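Shared between the two complexes below is chain A, which pairs with chain B and chain C, respectively.
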Partner chain A sequence: MSYIDILKEAEDQVTPGMSACQGCGGELILRTVLKIAGKNTIVGIPPGCMAGAGVVGWNYANGLKIPVHIPLLDNTASFLTGLSQMYERKGRGEVNMIGIAGDGATADCGFQSLSAAAERNEKMLYVCYDNEGYMNTGYQRSSTTTKGSRTSTTPIGAVINGKQQQQKYLPLIMSMHGLTYCATASPSHMADFVKKVEKGLAASKKGFAYLHVFSPCPTGWAYSPEKAIEVARNAVRSNMFPLWEMDEDGYHMNVRNKTPISVKEFIQGIGKFKNLTEEDINSIQQIADQRFHILMRLAEQGME
Partner chain B sequence: MEKRLHITPIGDEGMYILDTASWRVYRPVMDKEKCIDCGMCLAFCPVNAVAAVGKKFEITYDYCKGCGICANECKKGAIAMVLEGGSR
Partner chain C sequence: MGKIKVLTGNYSAAEAAALCHPDLIAAYPITPQSSVVEYLAGLVHDGVIDANLVQVESEHSAMSVVQGAAAGGGRVFTATSAQGLALMYEPYFRMSTLRFPMVMALATREMTSPETVWSGQQDAMSVREAGWIQMFCDSNQEIVDMIIQSYMLAEHPEVLLPVNVCYDGFYSSHLTEGVDLPLQEEVDRFLPPPSFHHAVLDPDHPFALDPLTPGPILMKYRKSHLDAMEKALEVIDEVDKKFGDTFGRYYGGAVSQYRTEDADVVIVTIGGMTGTGMDAVDQAREEGIKAGLLKLRFTRPFPAEKIRDALKDKKAFAVIDRSVSFGWSQGPMHMEVKAALADADSRYCHFSAIGGLGGADISIEMMMETIRNLDAHKNEPGERETQWYMVD
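And now, the complex of A and B:
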């Protein structure tokens, strides 16, 4: 069964009309994950774009066709831990526990509860849609924001020229927690994404599964909405966002670019990067290459 | 009791639904001649506005926000973005 058939036959669990922006990557990720998970699911969505867009409901109305809760920004993973353990005790371990959080609620505020839950190997699937910032409140910088990005807290001016620090690479940090399954995915590579959600759901019955999904944001990044998938594809093609997974057999590289494009080509047409100097671009390229090299070495170790 | 469109586990008022079709400036129109039924538009539509009818795919306009991802990603160029006219 191809991934198109899976998506075609699955029922959409999200309200048909939600107030996410035109061309929102997060909405696509949310719908795809819940399509595959199906009815037998409980979802925790912390404050962020998806909660703000009405997915957790509004004025006694529900935003999903399945149970959904809004934990605090910093306790999604611990909230789901409680649910998961209670369901296990009641003999209902087959229910999918899914957390869908933005990068702020994953890499910054929510990191301590996430890290603890991953280390305890609690049974859940945690999906992070990484749009590189706090988009819901008007794009403040987060720790996963790429260097040089123009955000509302790191504006372009006389003192600084966008974000000064390099991005934190969370998926690799998460994979070192001794969890059951860890992977990165991109909505542009749908076949790979669907496969990883299925694998993640299966792994979430045994332990902690973490999925880091690239989520392009037209509003915050300042590019036109129809380019969303193109931007995500270019991120993978330029090795800025390599697609890999870690399961019980070790690390695997899922997409190998024979001729990767440069970071310069990736940032073309994205408004938040238009201030970048040659020096900035080179340092981003260097970090991307370095990261890819580390991942390749890890993947090759698994082959032996 | 009024018949509901969607059954929800909690919430008295049923489902939170927004009329996102009113946001649309450009409307995607599919050229059935060029379409090869690959389903890329369905896979990439963030709003789930592409419906599968048997082996064919059709764009529905009830909630389509008009983002244009389908037109941009269609390999055969079978989807055109046409400016909305008249009411709605």
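And now, the complex of A and C:
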């Protein structure tokens, strides 16, 4: 079945009233993952944009049609560990255990519990929607924020301009945990994304599956909402966000750019990058090239 | 009649937890608790008990993993001390506010700084507003019995709260005593399997566990939590009686008393210092002082009425704390006993005694000094200066 048919036929698991911003990448990611997962699912969504948009419920109501819990910002993977093991124990290992968390809850304060759950190969699918910052609290810097970005805690100042450090590249770190499945995805490449959610869910019945998804954020990054998918596509086309996966056969590069666009082209029209110097742009380009080179080497290794 | 075994406090806690058929145990080391989870790991790996064992990477995850398993309806167990308790504070608070029943052993230890790994009750005292039921043991037998009793208390449908079974690090955790360990079939007859449903996540009954909750609704949750704490005071007595009727050991519920019937002066103890306190009371009696002892077994919920009753006709009391209340120059339990009495200053001679911090000794002679001091001033109501059990 083509991904279009899959998405057309699957039931949306979000109840009316969800209040994400226009053009939110996180919302699209959440709806897509839960559509594919279906009813027999329990989901943990820690504090962040998706929780703030109401999908974890409000007052006495649920925000989803499936059971949901808002774990702590830093314990999604360990909370789901206990739940997943308990379901396995009850003979209900077929229930999907899914975490959907932002980059702060994943790469920063949630990293310790995430890393440990991945190392123990706990049975769950963990999806990070990476919008490169703490968007729900007003866009503060995280470890996945791209260098030079203007954020609330890395403002453009008279002396210091934006974030001073390069981004931490989490998916590759996750892939070194001995987990069952690890992949990157982008809402601009839906066929690839849908396939990876399906593979991730299947892998989550055997061990830890990790999906790192690019999540463009018009509100925080300062560009028009209708450009969200274009921004996501350019991230892939520029090799800023390569699409790859690691399964039992090793690493695979899923999208190969014959003629990648430059980082300079990718950042065009994105407000948070407005004050980048030529030097900044060159250093980001260098990191993107290096990272892509490493990933290609890993993927080639897998092909031997 | 069970099996007589010689066990440390930590092994006592582990053996008792194993008898309660835990579904999941989270294991992470910290002195002086480590041998609790090591012992349980051995039982799981030898196939003696059928529990899931998760070797987590921190106490924060220890409490988070058991929280997840409780959200799947499981009976869970873990143990910690001091810095570990501090690290798990975030999910610890949430365990009680989600009203998940569980039992956690706490081998009490002084909080750093100065750097220390030794005994003290500052860790337990600093979490008394985190919504857990909190009780203190003074023998390894009591540790065994209270772990088993605490699952019944925690899972009582009108309580549904987690319980900390506390015992003094090293003094109890590492020293051996003869213990009458109940047989599995006896425990199985006493303790039914868990049957709580209120917060269990299940695709067959989808709901949001902990949606965003505004103040007016949140206040109802808090009130109901406090009501459950009040109810627990009754259930503690019920469980104590039921346990005593089955196993022949009664503990008196939230407080217990020693030679208080005709006493003029009373020392109030918490945890492992109680044995020393009883010896001091005996010695004081030989000196002609009408001394008695009141042991605080439960500190949350606080047994205010029982304390009022126990001290009703007495003239003087001192509360011996193995921790401090910063800001009051006193021990926290002295503060709370005073609060329970309301008119302490006009009716009693009383003071706070602080000792045993960071593993320091509490001797019979120190307690004798407290008792003699109380006796000398028993007819002069009012609060006297805090006594520090300094060791030169």
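In this section, the second predicted complex is superposed on the first by the 304 of 304 C-alpha atoms of A that agree within 3 Å, B and C clash if a C-alpha of one lies under 4 Å from a C-alpha of the other, contacts with A are read in each partner's own complex, and residues count from 1 in each chain.
Criterion: a contact is a pair of C-beta atoms (placed from the backbone, for glycine too) under 8 Å apart; a residue touches a chain by one contact, two chains touch by 3 or more.
Everything quoted here is computed from the prediction, not taken from an experiment.
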- Query: Where does A:57 make contact in the superposed view: on chain B (first), on chain C (second), on both, or on neither?
  - Reply: both
- Message: On the A-aligned overlay, A:128 touches which partner chain: chain B = first, chain C = second, or both, or neither?
- Response: neither
- Query: Which partner does A:83 contact after superposing on A: first (chain B), second (chain C), both, neither?
  - Reply: second
- Could you tell me if A:65 is touching chain B, chain C, both of them or neither one (first, second, both, neither)? both
- Query: After superposition on the shared chain, which partner residues are touched by A:227: those of chain B (first), chain C (second), both, or neither?
  - Reply: first
- Could you look at A:49 and tell me whether it touches chain B, chain C, both or neither (first, second, both, neither)? neither
- Touched partner set for A:187, first chain B, second chain C, both or neither: first
- Residues of chain A contacting chain B in one complex and chain C in the other: 54, 57-67
- Contacting residues of chain A [partner chain B, same complex]: 3-4, 7-9, 12, 14-20, 22-25, 27-28, 31, 54, 57-67, 187, 190, 218, 224-230
- Task: Spell out the part of chain A that touches chain C in their complex, as residue ranges.
- Result: 39-42, 51, 54, 56-72, 74-75, 78-87, 89-90, 95, 112-113, 115-116, 120
- Item | Touching residues (chain side chain B, partner chain A) in the complex | 6-21, 23, 38-39, 42-48, 52, 62-63, 65-69, 71-73, 81
- Message: Quick check: in the complex, which residue numbers of chain C touch chain A?
- Response: 23-24, 26, 52, 54-58, 60-61, 64-74, 76, 90-91, 94, 201-203, 205-214, 217
